[in-house]
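Which chain is which? They are A, B and C, in the order written, and residues in each are numbered from 1.
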Amino acid sequence: MIRPVSPEIVRSVGHSRLAGLAAYLPVYLLGLLMLALLAMPLVLSLLVSFTDSEIIEVPALGSWSLRWYERFFNDPIWQIGAVNSVLIALMTTAISVLVGTSAALAFERFDFPAKKTINLFILLPLFVPPVVLGMQNLAWHQRIGLWGNLVSLAIAHSLWAMPLVFTVMRAAFRGVDRRLEEAARGMGASPGVVFRRITLPLIWPGLLVSAFFSFIISLNEFVMSLFLATPRVQTISTLIYPQLSYNLSPLVAAASAILLLLTIAVLAMSARLLNNRKNSVLRNYV
Amino acid sequence: MINSGIPPANLASPGQSVGLAAVSKNFGETVAVKDLTLQVEPGEFLFLLGPSGSGKTTLLRLIGGYERPSGGTILIGGQDVTRLPVHHRNIGMVFQNYALFPHMTVAQNVAFGLKMRRFSDKEIAGRVAEALELVELNGLAKRYPNQLSGGQQQRVALARAIVYRPGLLLLDEPLANLDRRLRDNMRLELKRLQRLIGITAIMVTHDQEESLSMADRVAVLHQGRLEQIGSPTEIYTGPASPFVAAFIGEMNVLRGEVLETRVNDYRVKASGLEFTFLNNQPGQPGQPVIICLRAERVRLDKPGGPPLEPGVPAWNATIEFVTFLGAATLYLARPENSTALIKVIEPNASGQPLHRQGETVRLSWQPESPISYFQT
Amino acid sequence: MTASLQSNNSPAQPPERKQKTERDSIVAWLFLAPALLFLTGFFVIPVLWLVRLSLYSRPGSASPGGSRFYDPNTFTFNQYGTLLGDAYYLRILGGTLVQAVLITICVMVLAYPCAVLIHRGSSRFKVGALLLVMLPKLTNLLVLTYGLLVLFSNSGLINQVLLALGIIKEPISMFANTFAVVVTETVLLCPYPILLLVSLFERLDPNLEQAARGMGASPFRAFYETTFRLTFSGAVAGAGITFVWAFGAYVGPVIMGNPDNYTTAVEVFDLTFSQNNWPLGAALAVSNVLFVIVLLGLTGLLRWFIVDRHTRRLKAVPAGGQP
């Protein structure tokens, strides 16, 4: 079936490259504008956090300073907020990974009725606006006496993190060839041993990604936190918020930057870990 | 490439018999295996041959315990294993995609079954080394599967499946993913290895050539039923049904009907050609018949060539197509006054096709070559 | 016939369906139980409670032992009456709707080209750009908003550059208005449709456009006839998701807008916390959800009528656009 490529075809392809570029120029410009809009705010808030001045400005070359970071870490209110944020994120991670992975396992390894409906049900919270989720959680947690507890926020954050873990882990389980598990059983491994020695090592990258995503989502969630926070239970986010509206100082930039750096650190760490784990696993499955 | 000679004592298999009695398997409405009974002797190499959807893979998975039969009994080594879970059946299984554990080295892959059987570390090391030596992979123990070639992966899968001395080796199209040259080599190696360790082996394939060259016996499956079981020669020379006949080798299939039944024989007319068959199973005039004639059993000569034995049917025919196959040539010839195109495979005695397109030839075959089947 | 049987290279795959047994089903429910219990306890029941809450009357000092937030032992549709009867709330609803549509349009106009750009970029660019797109979803809304604040404020970067270039004499107000709100929400919401569209593009056969070009279509025409038409239904889905989120926008309007930009979401928060009127807040939240459900149902119908029919026609062409 191999036919020689005619010169006309070669020419038309080469031609289309150039003409295509010209035709796509407006498209590319709009696309670049979008990317710029995405990048600018992050870069700016990072830069501003290093200013030496009392007002918001991008620091000049000589006037870099960490004074706003010092202020952040020496202020007990921010300290408590940071600790709360991390604690809530850890709880969210634990809840979401356990619950989400278990559900994903059920979906990828078993048959049961109403699969599609249940799938939709698990993903549903992702499509409910955060204000509504916040309001309903507030009302219910107040009713059952959970309001004002860190757990309350972790549960709310899990409503978003768990469906994402579920999705990631379904893909992870699907990435494990059923025949690997069958092969192990053929060699004499019981179902429990198969899960521990074959399935678990192979879904490990998925579990890592899930955990990190849950952590980051919780760390950065804001609107639900705003509803559920009480004067005694504040997170970095809920502390930043009033500052943004009323008292715009580079301290907010420092707080923002700390969240951003934490996020990037967690992302980098997961990338590192994923790369370090037996490359063979990733080369086969990612 | 597999080491010949005496098998390491640790790898000799207690080859077990396999018995299937009236085994059925349904997936919802679909019948995958229907009422299947067969017996595999210890140390035998049985092939399950059939087209896609014939139920051959399902049958293998039933024997391995990966599926539970809807009905019937499965015996391995005389023991009823119908309800026994996979990991207690003591089988070795090789998958088409090899299913090597990507997160384990070659050695760890091979050691897995031994670990499951709680062998000591020392013993595991020894047996793994022996198994890897047997398949000539000793240098690659520390590699990961994705660092191996297809052929090497295949041999790891094999070593992994036999290292713990199972009584039965199940192979699901293990050679399908290899390129042709490698596949031909592996056929020989696999066959020798199986003989060497004396393991009972059941292999699924859709490649009839593979089954004819390697099997002790071949079971031909069609739509979940056993069409025929027998040695490769039995299957090749005496196909039990038109399906088996057409599935094995290059076959002319002609449809016709019985013209008349005589004392010793009966005559059949198909596509304008007349055939005579010995009367071991009487047919009624007008009864539809399927006639199968192997392409390599048809003889081509120049018109008025060497004289034929008496009773040998012959026609003048025109060559309509010529397909050069290398060692042989496939011709499509149309006999005079016939609507049939007869496939003929003839070795190229002089290294090139003996006949050209458009040429008139004499077509003949031995009277016993065509096989007839009454259509029910 | 024989030849076709022999050259059959697709070996029979084991049937994927697993035999359904009682035991399997029970184990499956065991694994599902945590998720179902969690969602029931902290999603379904709260929704129901929210509905119930919206049917209480607002807290009054008249009810002894009553909650600070609502008046127990009452059942009334007054809150919904208030919402429907008060022009103030209807205006907010209308404003929210208009703003959400505006945001959705902006997002799609920018997201589609951006997805094309990412799809056509080198693999290195692709990874970087995708990370950049993901980042807003993974960073704090407030960090992003703060950055935009710095960019848009009167002493912000854009104004400074324009002033320095002499294009303008005094700072333009790009802050505390609809423009700022729309831009902010566009940045916050664009990742969803971009990621969706990129994944759709990646699944398209790259030869389709070339084939159209080969048959004489101009580059733009080739793009329109193949890529655009094949991804249109996906783009509509992306727009739907964007709209849902834009309708529930909270951060952009509050921080970057003025009171005219306040959405129903902002009002829910205000009612709940500033006015301590939980029943009315709940009623507004419930109305918000109902409104979105109705709108989505309508778009779903619309999609079914326009897009799916169109796709069905495409699917009728053999081997057309199969990934």
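Criterion: a contact is a pair of C-beta atoms (placed from the backbone, for glycine too) under 8 Å apart; a residue touches a chain by one contact, two chains touch by 3 or more.
Everything numeric in this text was worked out from a predicted model, so none of it was measured.
Considering the contact criterion stated above, the chains in touch with subunit B and with subunit C alike are A. The pair with more inter-chain C-beta contacts, choosing from A-C and A-B, is A-C.
For the pair subunit B and subunit C, the distance between C-alpha centroids works out to 56 Å.
The distance from the centre of subunit A to the centre of subunit C, each centre being the mean of the chain's C-alpha atoms, comes to 16 Å.
Chain geometry summary: the mean Cα position of subunit A and that of subunit B are 53 Å apart. The set of subunit C residues touching two or more other chains comprises 17. Contact with two or more other chains is made by residues 66 of subunit B.
Here subunit C touches subunit A in the complex through residues 17-18, 20, 24-25, 27-36, 38-39, 42-43, 45-47, 49-50, 53, 69, 109-111, 113-118, 120, 129, 132-133, 135-136, 138-151, 153, 155, 157, 183, 186-187, 190, 194, 210, 213-214, 218-220, 222-223, 241, 244-245, 247-248, 250-251, 254-255, 265, 268-269, 272, 278, 281-282, 285, 288-289, 292, going by the rule given at the top. The touching residues of subunit B, when paired with subunit A in their complex, are 64, 66, 85-93, 95, 97, 99, 101-103, 112-113, 116-117, 144-147, 160-161, 164, 170.
Partner subunit B is touched in their complex by these residues of subunit A: 177, 179-180, 182-191, 193, 197-198, 201-202, 278, 280-281, 283-285. Against subunit C, the residues of subunit A that register as touching in their complex are 9, 12-13, 16, 19-20, 22-24, 26-35, 37-45, 48, 55-58, 95, 98-100, 102-103, 105-106, 110-112, 118, 121-122, 124-125, 127-132, 134-140, 142-143, 155-156, 158-159, 162, 166, 213, 216-217, 219-220, 222-223, 226-227, 236-237, 240-241, 244-245, 248, 252-253, 256-257, 259-260, 263, 267.
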